[in-house]
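Each remark here refers to the structure printed beneath this line.
Order of writing sets the labels: A, B, C and D. Residues in every chain begin at 1.
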């Protein structure tokens, strides 16, 4: 059964320098609070995996903790560019950022292979694109029945996956609902799993669209109300679109970003965590 | 959107001589009424696919309509042998039965490949077993990243898939819940899809564990209350374990089976169908 | 606010005509931004039964307002079904179940190949980093057909792509078949100036329609390759009052 | 009916000892029939937290009575999670997440390879058709370890299998590694006479325990290969009153 722990302890124990870390959540249920705790603890030299790096990885990249990014779409959804991501790629600030770049279909299938205990997955993808050129995690495989050539992508098995969910019970069983994206696969592909939740409840009540992760498939759970802000947790909060819009000017400028990071993350100890 | 039609019409239109037909449902939601309609209409030379042939295929095989069976476990669950299946395999009665035999994992992945528009699926399976020997639908593939050899199974794309579900709305959107097995994959792998339902409702209400099949992914829906009997439809009926037990002596004897089939299927026109 | 429509802006002409291009579609895989606006407008005008599919997992979404992102809660709450992202890409998109893929782009070339990855800025500056592929490569490969909507400028309509993120017609007719791509590929590029469609023989995109008041010369000037025009270049029908009212209600909601 | 237990039948000795073999397990992939009885007994005695996983899709099932089939409604209604069958085999079983796979068998050989497919009946008769593989090949391959429970007879414990449906230890120690099977394979065969375990060096199954009152000679006579015995053959502890009461409550429910 998963341990229920304070977020700072769980991050200190589960997320380590040099780890490959996946923080997933497709617009919904993005584990911002856990990412901020990683920044506060200065866990560094990370390889970050995520289909949509989003503002959460823009912040980690800008904080200088990331050496490599595995991803498929790096924008500020509905707004525009991720300026810290661009600055790292284009100018190497605050450090160079190595990229392992895929399509969504490829990333999703990399997690599927990882969750399935397979070394690779097969898909119809990448044909004719420049994405396959020089990537060490995209190849081809030939169907032994038809002779057709298909794309193969390498399994993605993070050292640790971090997600945010709506609820857990006291045994660490986790319940999430709404758009649940690729979270189950990212969790099951990982060596260690940290789940932040809106609340810990006595009993999980089955509900439409609910996805349950058994406590024995999770390493640690931390109760962090609002831990997905500025993304949202269906049933608890709505997406803070203003935050995403405001992020654009903040992140465009290195100094403004640095000041923001100090004021809103580094100096704010364990904000909103129990 | 799916057409809502009487079962006899839908079977006449969708299930054709020589078809590969999958009637799925893992103990739960087995489309017995549709199978009986296939028997009444004498649709023949069928290749039947199903993970667990169960009593439903014992009846179709005994009726002499089946030339080939694609499957992974051919027993009467909780009771013992499928005697009509055994008689066909062991003695060729009423006609020889060709087998394409897999494990559950292999069958499930054949449907997954079919539903995914891929010609094959990869799994860790069959290694060291005699199942792979001589099967045209089991092969191997080598991981282009690690060099590891894995099993490959050919996609299974039935001409028509038949399932039973709890509810559909008037646009043919289908809702099922409880153990939903491999039905979504079997449906999405098929060229045509027939769904029998306990009832047609004005509005589908989302519920825990509910799986929705959009009407545009379904060819026809027929309202057939009790259409899964002697299996069950969670929320509507319970499994008729006595029927399964009674099937053993009925099916052991060719004449007793033949009499049973005449009395309970052939002479009972469109039983319990609207 | 649904005042009587004033005259349509170029962006409105683009979106209205993009929506009209969905007249025959049953299902549409919708990219965020301009494609989402057009697809939602189609649902409110000519194609009320259009099934909107968003890569975040929503099948049959019916948002009351335009989502800012593909993961807005509204999409899940109004959907016929919500599926996981792997299921979306494998069972729904890859299997060839979706009639129309509706994409935006940063850049396209004359064969409607798309770049959303990186753009060169000359020898002395690092290439400009764009968001990347997202779902587009497989949407462009696997949908029955593809519509592209983007604003017309020489920055967007370029002679040669720095990076091919998603394949349109490759280097010309027949390339999709050679690559094993199963959908028919892009059938129209709808812009704020008019509409381009592929030449039946070469698959090069040529100007087939102009919006009212736009000239072919304007379109040529906004295109980074020598834009050819069809034998007959039509004029798109002006937006109806109903279309403009619906569009403005949608974008102001 | 929970009378004070009478003396245990051979089948009860088998099931009680099979349940005890789960003392250290957290998760168990449960075959129907004898394995399901044993796993459910373990949940009611020594291992109340045991997570029962059924191939029909139930993760963490807590049935109040023994299910007749792996798809009984009871399993889904009491489960922590219900997943699709492909997810069950790919994400939960194949990934090596399950501690113990608990299997029955029609026949096993001395390396605990299993046949559930077909059995020869001599030259003049067609081979007898059995149900086939079901989930067993991948359960035997992928679980952390495997327990097998079946009644002891020369019909079941055979010198040579007609068909290898599921691999135990192949032709001896090291074969699993050569085949790339990731679990440790069968660690015990629990019968109505006693318990067999693999020799550490050869992986041949040898008699390590007998139920009270059973002799090694009886076990040898019921085994179709020359059954070896461990240096020390123990005696299984008699069922406790609690075990028998729980077992009888379960099977009579």
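As a convention for this text, a residue touches a chain if its C-beta (ideal position, glycine included) is under 8 Å from a C-beta of that chain, and two chains touch if they have at least 3 such contacts.
Note that the structure is predicted; figures quoted are calculated from it, not measured.
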Neighbouring chains shared between chain B and chain D, ordered by label: A
Comparison of A-C and A-D (more C-beta pairs in contact): A-C
Whole-Å gap between the CA centroids of chain A and chain B: 39
Whole-Å gap between the CA centroids of chain A and chain C: 28
Cα-centroid distance, chain C relative to chain D, in whole angstrom: 57
Shared-contact residues (touching 2 or more other chains) in chain C: 90, 94, 142, 182
For chain B, residues that touch 2 or more chains besides their own: 112, 117-118, 123-124, 148, 184-185, 209
Pairs of chains in contact (touch as defined earlier), listed by label: A-B, A-C, A-D, B-C, B-D
Contacting residues of chain B [partner chain A, same complex]: 117-124, 137, 139-146, 148, 150, 152, 154, 206-210
Chain C to chain B touching residues, read off their complex: 26-27, 49, 51, 59-60, 80-81, 90-91, 94-97, 142, 182
Chain A contact footprint on chain C (complex, rising order): 32-33, 55-58, 67-73, 75-77, 82, 84-86, 88-90, 93-94, 117, 126-138, 141-142, 163-167, 170, 175, 179-182
Complex interface listing, chain B residues touching chain D: 26-28, 51-52, 71-75, 77-78, 81-82, 85-86, 89-91, 101-105, 108-109, 111-112, 123-131, 148-149, 178-182, 184-185, 209, 231-232, 234, 238-239, 241, 244
List of chain B residues in touch with chain C within their complex: 1, 112, 115-118, 173, 184-185, 188, 211-214, 216-217
